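Data block below; observations after.
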Amino acid sequence: MYSFKNDYSEGAHPRILNALMESNLKQTEVYGEDYYTKKAIKLLKQRIKRNDIDIHLLSGGTQTNLTAISAFLRPYEAAIAANTGHIFVHETGAIEATGHKVISIKVNDGKLSPSRIEPVLNTHGDEHMVKPRLVYISDPTEMGSIYTKNEIQQLSKFCIKNGLLLYVDGARLGSALCSEENDIELSDLGRLVDSFYIGGTKNGALIGEALVICKDSLKENFRFYIKQKGALLAKGRLLGIQFLELFKDNLYFNLAKHSNEMANLLKNGISKLGYKFFTYSSSNQIFPIIPNKLIKKLQDKYSFCIWKKIDDNNSVIRLVTSWATKEDSVLAFIEDMKNFIS
Amino acid sequence: MYSFKNDYSEGAHPRILNALMESNLKQTEVYGEDYYTKKAIKLLKQRIKRNDIDIHLLSGGTQTNLTAISAFLRPYEAAIAANTGHIFVHETGAIEATGHKVISIKVNDGKLSPSRIEPVLNTHGDEHMVKPRLVYISDPTEMGSIYTKNEIQQLSKFCIKNGLLLYVDGARLGSALCSEENDIELSDLGRLVDSFYIGGTKNGALIGEALVICKDSLKENFRFYIKQKGALLAKGRLLGIQFLELFKDNLYFNLAKHSNEMANLLKNGISKLGYKFFTYSSSNQIFPIIPNKLIKKLQDKYSFCIWKKIDDNNSVIRLVTSWATKEDSVLAFIEDMKNFIS
Amino acid sequence: MYSFKNDYSEGAHPRILNALMESNLKQTEVYGEDYYTKKAIKLLKQRIKRNDIDIHLLSGGTQTNLTAISAFLRPYEAAIAANTGHIFVHETGAIEATGHKVISIKVNDGKLSPSRIEPVLNTHGDEHMVKPRLVYISDPTEMGSIYTKNEIQQLSKFCIKNGLLLYVDGARLGSALCSEENDIELSDLGRLVDSFYIGGTKNGALIGEALVICKDSLKENFRFYIKQKGALLAKGRLLGIQFLELFKDNLYFNLAKHSNEMANLLKNGISKLGYKFFTYSSSNQIFPIIPNKLIKKLQDKYSFCIWKKIDDNNSVIRLVTSWATKEDSVLAFIEDMKNFIS
Amino acid sequence: MYSFKNDYSEGAHPRILNALMESNLKQTEVYGEDYYTKKAIKLLKQRIKRNDIDIHLLSGGTQTNLTAISAFLRPYEAAIAANTGHIFVHETGAIEATGHKVISIKVNDGKLSPSRIEPVLNTHGDEHMVKPRLVYISDPTEMGSIYTKNEIQQLSKFCIKNGLLLYVDGARLGSALCSEENDIELSDLGRLVDSFYIGGTKNGALIGEALVICKDSLKENFRFYIKQKGALLAKGRLLGIQFLELFKDNLYFNLAKHSNEMANLLKNGISKLGYKFFTYSSSNQIFPIIPNKLIKKLQDKYSFCIWKKIDDNNSVIRLVTSWATKEDSVLAFIEDMKNFIS
C-alpha cells in the first residue's frame, strides 16, 4: 500500500536527521535563542532580502496561524478567508477559540482577490458587526492553485488602501515557489505582505514553520504570544537545526521541486488517460475526477482522499506528492490506472 | 562554559535519534494515529497497569497543561496551584488565556496538601466567585521536592470528597519516580489521580509529553482540543517513536536515575563545603545558598540561574542536572568551588 | 420626524414604569433573588406549562445569546445559524469572542430546516473541524418570517436524532406568537426546544429578556455564567418587576398584537399602492421594495432603514412597528406615500 | 427586617423614575446615541473638566470592569489588583474569562501603592510570565478606605514611569468623593488616571456606570467592545436619562453624602458602645467587630453580612448604608444594640 494521502507520511529528509545527530550533544541556549536558530533566521532574512523583519520558528501550521492571527488582531477584529481556507474549515475553530470571527468568501479555486473581498468590506460598517482586518490567503491554496506576483501586488495595494493586514499561510510555500508557473520570490512576499510563514513540516522537516513578520507594529512582544499558546519549544534548536539545513543551500527548494515534478508526472499520466481535473493545480496537490469503479480498484494498492462526489459514477480524488515521493511509485500508479481501466 | 541551567540544553538521547533514523522513510498514518504512537501508548498503559485510560502525546509542558486543563474545566471553574506552580508563574498566563483563573496557595516547598487547599474551598461559596475544581500539583515540584504515596493518597481522597479533579504536572516525573525517597509508581498515579503527564522533553526526548487521562468523563473528544490548540502534530510519529524508545525498556528511568545521581553528587559536594540549601530536594534540581562572591567566580566557567537573594552577601542558585550531565563536569564544578573559596 | 427604524425607540409601557414606581422604596433581595423576580418566573412557568425548567432574567438579546450559547457548548463545539441570524452578523462576533465558531447556512427567508442543516452535519466529521452542536433559530426571523409548529417539531426531532441542541432567539417572540399565522404557544416551545428566550426589550420593557432552559443538563450552575459575563444585575428587581407586569395578565401579548396590527396596516397600505415585498412577513418587520425617489421624499418625514439595493431605481426598506407605534402615524405614512407618488 | 446588607436593596431615587416617566414616549436614537445620553456625557465632561475624554454608559460594575480591562490589555498583559479587589475575588473570574491574569497583592486595607506594586514588576521579567500592565484600584476600596489626592498622584507617577495603566473602579465613587476625609475631585481623576468609572447603581440609579477613558490610545473603537460583550443597551436612553438626572445638579453628590452620614451615625453609635472596627473606613461601608451573641440578636431584626471570624466569641460584620437608608433605621439599630447588650 503506497500513500498519496498527504505530504507528511514520512519522517524528515535524511540530511536533517544527520544535522540533528551531529549537533546532538552540544549544549545550547534554549527556547529558540540558540546558535542554530539564530543562524537559520539570519539565512532566511538573506533569502527574503530584508533585515528589518522578525522571524520566529514554530512547530505546525495550525499553531502558527492561531498564534499569529490572534496576536495581530484586536478582540473585535476578524480575519477574511476563502471558504476553502485552512483556518476556516480544518483547524477545529482554532481562530474562533482565540475570540475572532473568520469571515468566509465562497470561491471554487481557493483564491481571494480585491473584487472578492470588497463586498465583505461593504457589508461591515459599524460596531454591531466585527471589523474585517486581516486577509488570510494560502499559497498554494488548499485547492492546489497558486498566486501570481501581480495578484499578490493587487491584494497588497487593496489591503493597504483599506487598512487590512495581508497574511499568507505558506504551509506548502515551497511547492508554490517552485511551481513552473510561479513568478514570486520570498523577497516579493517580504515586500508585499504583512506576515507569512514558510512551511517546513510539509517539505522535508519533522516539524517546523518559519513565521515572518514584516510589519513593524505586529512585532512587539511576539515571544509572549508564542509562550502563552504553548508554542515555545524548550529545545528550540530542534526547529533551528532543521531550517538551517533546509536553507543553508537550496535543499528546501530542491525538495519542493521534486514534489512538484512528481505531481506533474501524475497529472500528465492521468490526463493522457482521458481524465479531467476538478481544479487547475500547478503545485503538489492534484484533484482528478475518476470513475468510482476505478477508485475502488486503486484503493487496494494506494491510499488517497476521496474529495467529493461529482455524480453517481464519478468522484474527485486528491493526490498529494512530497519530497519523499518515489518516481517508481508514481509510474506504478499510472500503470495500474491503465491496467484497471483496460 | 558548562551549563547547569536546565535539563534541556542538549538534544535527545542518541538511541532516540537512531530510532528516528531507522523508521524515517517508512510511510505511516499521521496525526498521532501511526504504528509507533499506538505501540508507545500500549507500552505506557502496561506500565500504568490500566487499559481503560486514554493517552495522548503532545509536544511540551505548557501546551499539555493548557490543553488538558482548559478541556477539563467548565468556563466558571478554576484551577488551584501552589504559588510556585508552573502554571501560576511561568506559562505567561496560558491557563488564564483559555479563560480560567488559577487560584494560588502560598507555600515554600512547592507542595499542596488537603489542609492547604481547604481554606480555598471555604472562601469560595457562590456564583460571585469562581468554582475551584482542579488541583494542580507538580511531581517533583518546581522547588525540587517530591510527593510520597501517602501524600498523593491524602490528596486523592480529599479531591474525591470535595468534587475536585487531581492533575499532576509530570514535566520531570522521571526524576521524581527515580528519587531515592520516592515510593510512587506510575500505576499509583494511574489509580490515584484524574490525569497526569509523563514528561519527555526534560528526560531525553527532543520534544514530547505523554498526557494520561484516567477519569472517564474527561476523555470525550479530547483530540478536538488537541487540534484546536494547535497541538496535533502532522507527523505524530515524531512523538510516538520517542516514547516507544524511552519505554520499550527502562531507558526513561535509567536516564532519570543518572540525572538524580548527578544532582546528588552536586548536593553532597556542596554540602561538604559547608553550604546549606534553600529547600530540601531529592530530585534533579537543587537550590544551594552560596556567597555572591563565589557566584561571580563560578559564572566564569558555569552557567546557572540565580534564584533569589538571601541577604547582602548570599544568594540561592539553582543547579539542574539531566540525563546528559557528565560526571566529570559535576566533579569539576565542586573542585572549582573548593578552589574559589580557599 | 417619525421613526419606523426599530421597536425600541420609546421607553417602556407606562404600566411598567408605574410598577417600578410603586415598588421603588421597598427593600428586596438582590441579584435576581427578589420577590418580584421569583413571582415573574413563577408566572412564566405557568404560561410555559412546565415547572421543571429554569428561567433567568437578563438585560439584552446579545447578552442573553452569548451567555447561554457559551454556557451550552464545549470549547470545540459550534453553533449553526442562518446567514441572516443575529448572532452571525449583528453581534460583533460575540459568540466567537467566547471561543465558538458560528457555522452559517445561506437562506433568503431567514429560516432553518432539517434539509438545510443536514449538509453541515455531513461535512463535519472529525477532530480537524468543529463539532456542530447547537442550532440557533430566531422566531420571528430577522427577515420577518415565522416558524409553524410543524416546522419546530421537525427541527426538534432532527436535533434530537443528531445530538444537537435547539435554541430559539425570541427577541421579538411576542410578535411571532401573536402573528395571525402563528400556531405555536409558549408551552410548545417549552416542550420542543432546549432553550429559548422571551424578549422584553422589543415588546414594552426598558430592558429584559427571560431565558428559559428546558434541558436538564444545561441548567447546572448557570448563575455563574451570568455573573461571569457581567450580566447579573445588582438590582435584579428591575427585570423582575417588568416581566411580572408584562405577564401578570396579557399585557405582553396585547402589546405584540398591537405591534403586528400596525405592521399589517402598513403592509396593506403599501400593497394597495402596488408595491411588492422583499420577503413575506407576518410579524412586526416588513420589507417593501419601493423607488429610490420615493425613499428620498419619505426620509424628510420618517426615519427607517434602507435594507438593500434591488436595482438602480428601487431599494428594499425595512419598516418596524412596536407596541408604541401610533395608528395615526401609520396612516399618515401611507397617505404621504400616496401623495408623494401621485 | 431592615437591611444593611448592601447599597442596592431599593429601587432608584424618585427623581430618576420621574425623569424616566417624563421622557417615556418620546422617540429617540438608540444604542446610546440619544439626546439624553449625549447631554449626560456633556455634563460629566464639564464636571471632569476635560473635553478630550470619551465617556460610555454601561449597566453594571462587573460588566464595566470586564469590558474596559479586556479592551485595554493585549492578550499577554495582566492586571494588578489588591487581593481584596472586586475583580480578583467577586466577579467569578470575569477578567480571566477574557483571557487575562489578575495578579494579586496581599493587603489589609484594600489599597495599593507604588511600594506594594514594585515587587510585582521586579518578579515579572520575560516572556515566560505575563506582562503586568494595568493597575486596578477601587475608590473607596472594598474595605471602606479611600485614597488621598497625594496617593493617587504617587500611583499616577509610578504608573507613567513604569508603562502601566491606572484604572479606578468607582462603583461607590460618590461615597469616596463625599467622604469627610476626601480631597479628590472628579477633575483630579480625569487628570491623573487613564480610565475610571463613576458608579450609578450603588448611588441612586436603577443600573448604570459611566466609564471615563482619558488616555487617547484606549479610546479607539470602544463601542465595538461594548457591543461584543453584550453591554450595548438597545434603549441606551435608560442610562442617559439616569445620569442626566444625577448630574444636572448635585443629586449624585447629595445622595452620596447622605449615605456617608448614615454610615458615620452607625460608626459613632457603635463606637460609643465600646466596639472596635476591623478596618478604618470613611465611606459607606463599615466593619465593626462585635460579639457573636449580639450578632444573633441583631439578626432577628436586621440583615447584614458576617464578614469574618475574629475569635471564638467575636466576628466582623459589614454594615452598608445608601442614599435610601433612613436615619430612623440607623438610630433604631444602635438603640437595639444598646438594649441587646445591656
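Note that the chains are named A, B, C and D in the order they appear, and that numbering of residues resets to 1 at the start of each chain.
Criterion: a contact is a pair of C-beta atoms (placed from the backbone, for glycine too) under 8 Å apart; a residue touches a chain by one contact, two chains touch by 3 or more.
Which chain is which protein? Per UniProt: A, B, C, D = Low specificity L-threonine aldolase.
Quick caveat: nothing in here was measured; it's all calculated off a predicted structure.
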Of all other chains, the one whose Cα centre sits farthest from chain B: C
Distance from the mean Cα position of chain C to that of chain A, given in whole angstrom: 42
Report the inter-centroid distance (CA atoms only) between chain A and chain D in whole Å. 51
Note the residues in chain A that touch 2 or more other chains, in rising order. 75-76, 91-93, 97, 99, 127-128, 130, 224, 227-228, 232
For this assembly, give the contact graph shape among line, ring, star, complete and other. complete
Where on chain B does chain C make contact in their complex? 70-71, 74-76, 99, 127-128, 130-131, 221, 223-228, 232
For chain B, which residues count as touching chain D in their complex? 75-76, 78, 89-93, 96-102, 127-130
Which stretch or stretches of chain D touch chain C in the complex? 2-3, 5-6, 8-12, 14, 17, 20-21, 23-30, 59-67, 91-94, 97, 201-202, 206-207, 224, 227-235, 237-238, 324
